[in-house]
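Order of writing sets the labels: A, B and C. Residues in every chain begin at 1.
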Amino acid sequence: MEFTAQQIAGVLNGTIEGNPDAKISKLSKIEQGEPGSISFLANPLYTQYIYNTDATLVIVGKDLELTAPVKATLIRVDNPGGAFAKLLEMYNQVKLNKSGISKHAYISENATVGNNIYAGEFAVVSDGAKIGNNVKIYPQVFIGENVVIGDNTTLFAGVKIYSDCVVGKDCIIHSGTVIGSDGFRFDPAAEIKKIPQIGNVVIGDDVELGANCAIDRATLGSTILHNGVKFDNLVHIAHNVEVGENCYFAACVVVAGSTKIGPGCMFSGQVGVVGHLTMAGGTIVTAQSGISKSIPQTGTVQMGSPAFDANKYRKAFIHFRNLDSIVQRISVLEKAGK
Amino acid sequence: MEFTAQQIAGVLNGTIEGNPDAKISKLSKIEQGEPGSISFLANPLYTQYIYNTDATLVIVGKDLELTAPVKATLIRVDNPGGAFAKLLEMYNQVKLNKSGISKHAYISENATVGNNIYAGEFAVVSDGAKIGNNVKIYPQVFIGENVVIGDNTTLFAGVKIYSDCVVGKDCIIHSGTVIGSDGFRFDPAAEIKKIPQIGNVVIGDDVELGANCAIDRATLGSTILHNGVKFDNLVHIAHNVEVGENCYFAACVVVAGSTKIGPGCMFSGQVGVVGHLTMAGGTIVTAQSGISKSIPQTGTVQMGSPAFDANKYRKAFIHFRNLDSIVQRISVLEKAGK
Amino acid sequence: MEFTAQQIAGVLNGTIEGNPDAKISKLSKIEQGEPGSISFLANPLYTQYIYNTDATLVIVGKDLELTAPVKATLIRVDNPGGAFAKLLEMYNQVKLNKSGISKHAYISENATVGNNIYAGEFAVVSDGAKIGNNVKIYPQVFIGENVVIGDNTTLFAGVKIYSDCVVGKDCIIHSGTVIGSDGFRFDPAAEIKKIPQIGNVVIGDDVELGANCAIDRATLGSTILHNGVKFDNLVHIAHNVEVGENCYFAACVVVAGSTKIGPGCMFSGQVGVVGHLTMAGGTIVTAQSGISKSIPQTGTVQMGSPAFDANKYRKAFIHFRNLDSIVQRISVLEKAGK
């Protein structure tokens, strides 16, 4: 696909400085601009690059003042970052706009399938599944019995969804992620050691899950990810957990069974949360921390393993680093006291 | 499937209080009971819910004394929790009772396959594999050359088992788990940097592995998971590790190469164990801890990174939290001494 | 496959002591030697086993002096460990020497495929992909549009590679690993919350990635793993990260977005690195540590979370373990001062 400066200025409602017929076919960073690419300048720290970038087009702010000539054709807009994001979004929509059911996919005749779906090679849609409109099912995806997938959701190659789970609208699930595996519940003393896990997973709308995550089904009832939840890769969510709206979890976060997390929490990478807790909305947890108690107050910042108030943790950690000199101060006092 | 109170009381050897013809088709928690569902009451803290649950049937203890009328039909048994678990188990057995080989599965003509197996779409069973009776192979599972799978084992969608590995009887392996990938052994100084990994993985009977685990093959010999081992999701086991009978590992536990772990150990989430150690049976390790030394004594509780005795760790951690005031006490002493 | 002592001595340029017609068909450790196997003795601590191993052949050093008779036929070489590694390598090459395209694989007619490739059942090679010579694509692998795979690379069962990514020559990617999933970038305040991820992943030559890793594509530009990088299982690499040549990452390492790691770094298991940092080459990071700041100096050893100099950390940690007695010393001083 090739576009002219004029076409792009039209889409972005911008004005052209330079050659309106300049053509581009790809996007680049301004410091790595190549001929035939379009870039943008939003951060003043990168202004230096405008004078010698090889990008053919650059999106800049309306008020940018140039102090030397530039090679590139400029498109001036109110918000260069936002305009570039709009281009990225358009590019992505065209690129990911797949449809049609491969003759190598297996769709059960007892499944219900919406309009305009894509189903790639060796994908499986089982009996009783209900697939919404415009859903994209990449190759080698497995959709179990009675699973429900909402409109416009994308399941990338190899996603596995166990029976009876529900995924909402406008979701994106990345490759290798498993939804609905059994919760980890055993009763080593009982005759039947494994506690059967017959609940499901319910995922709201506008949720994105990274690659190779594992979201366990509930023992009874549902493990729930509410609308707008975003997970990075390799996140583990145990049985009967509930994650509130618009929570963001970085990679390798682990939440143990039955914990309830309020809306708008932000967890950095490798955070762990023990089971059966309640965490208030808006909690921020720093990387590698371990939450071992319920957090009743909204909007706190937690740090450490086990975690406590992040400011107090940082202060204690400074002393920890200095423990050798602290102990020497005690030795000096002891000698002085003799 | 629909069942009457009478049918269920028969199975559970219980007595009915209410309508013997009341029908249910699903299971629920007592606090979330819906018409047409069966629930149970075992924990006295939940007794309040018996009076207004919408569940049609509730399993209760023989000795439960009611202080007000109830809507639900009751089934009285000796052990309500155990009885409900039995129902869950029966429900699960019916639900997961799949059999037959899909015409879209690939079973090598040089593989040996037992009676009454299930093999789903796009599953692969390679040359020389031996599959026991009643084995369930879900869609998109890969079973490599010469792999042996014992009777009654279930491999959920997308499990990958490399050549020459052995899985015992009555095992459950969840989606995305990889068994038999190469151990991580390199000799950066040598001509051939990669040390070939030609051993295998041997998994005992009654083992359950969660989703997206990775169990590496041995360099020579076998990486071994003994009978009754249970792993949650995303667990990593390196080459030549041996995990003793009935060990329970929560999510994201990591064990490095050649470590031997005794029977009956319990590891919480995100625990790490370095390589070439020996851990005595019955060791308990708290979440996010790091085992850096062999543990010679059975039944200890380990905490911290690097880990030591958990009681001592907790005491030290309390002081850590108070380091700011501890340092102030030193400052006071220093001023007093001047 | 069966080989005689004579054949093996020929390959290894060794001399035989015993029966040149002795036959072996497998490899074993000397302490677990079985009839029909070949083993080796390199470590003097294992010399005791030479006298009663059941291995049929044992590779030993030219200068090994025996103090008692041995059952096994010996093959004497300069470097027994190296000679055994050579045998392992040969064994592996024969075992993994697969070729041919399964009639159950799906190779797009718009893909380019080199000579002598292997493509297993239910593998997918999408439009525009370019597959080099001698590439091994195991069953259920997904190769997205326009992906490039270099000569002699092996992709084990179920690897998923998103569109536009590049994998070099002589690489090994283990099962379940995902390459090119979206970076985790959102702008919760913006109209379009998801920042489109239109870059790719570029992997150099001679790279090995373990099972169930996740390597995210760049927002713009490339996430880069340079030549010789080796990852264990379950490693997470975020968007726009760059990992220098010959870095070794143990299991469950997590690197956040846009961080640049110099060549020759060694990360132990469960290490985390925050985003937008620069780490000098040759940095060593101990297990479970968290790198929170750029490391400007080459060759340091980092420990702790947040990490600092490992020697200082170890010293501080010794004091941490003793905090209870340290606080008691303060109490004694306080009482003495009254």
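What we mean here is this: a contact is a pair of C-beta atoms (placed from the backbone, for glycine too) under 8 Å apart; a residue touches a chain by one contact, two chains touch by 3 or more.
Note that this is a predicted model, so its numbers are computed, not measured.
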Classification of the chain B:chain C interface as same or different, half of numbers criterion:
different
Rounded to the nearest 5 degrees, how far is chain A rotated relative to chain B when their C-alpha atoms are superposed?
120
Length of the line joining the C-alpha centres of chain B and chain C, rounded to whole Å:
26
Shared-contact residues (touching 2 or more other chains) in chain A
122, 140, 158, 176, 212, 234, 252, 270, 288, 305, 320, 326, 330, 333, 337
The answer for chain B against chain A in the complex is residues 27-29, 32, 82, 85-86, 88-89, 91-92, 95, 102, 104, 120-122, 138-140, 156-158, 172, 174-176, 208, 210-212, 230, 232-234, 246, 248, 250-252, 268-270, 287-288, 305, 317, 320-324, 326-327, 330, 333-334, 337
Chain C residues touching chain A - in the complex, by the definition given at the top
106, 122, 124, 140, 142, 144, 158, 160, 162-163, 176, 178, 181-182, 184, 186-188, 190-192, 194-198, 212-214, 216, 220-221, 234, 236, 238, 252, 254, 256, 270, 272, 274, 288, 290, 292, 305-306, 308, 312, 315-316, 319-320, 326, 329-330, 333, 336-337
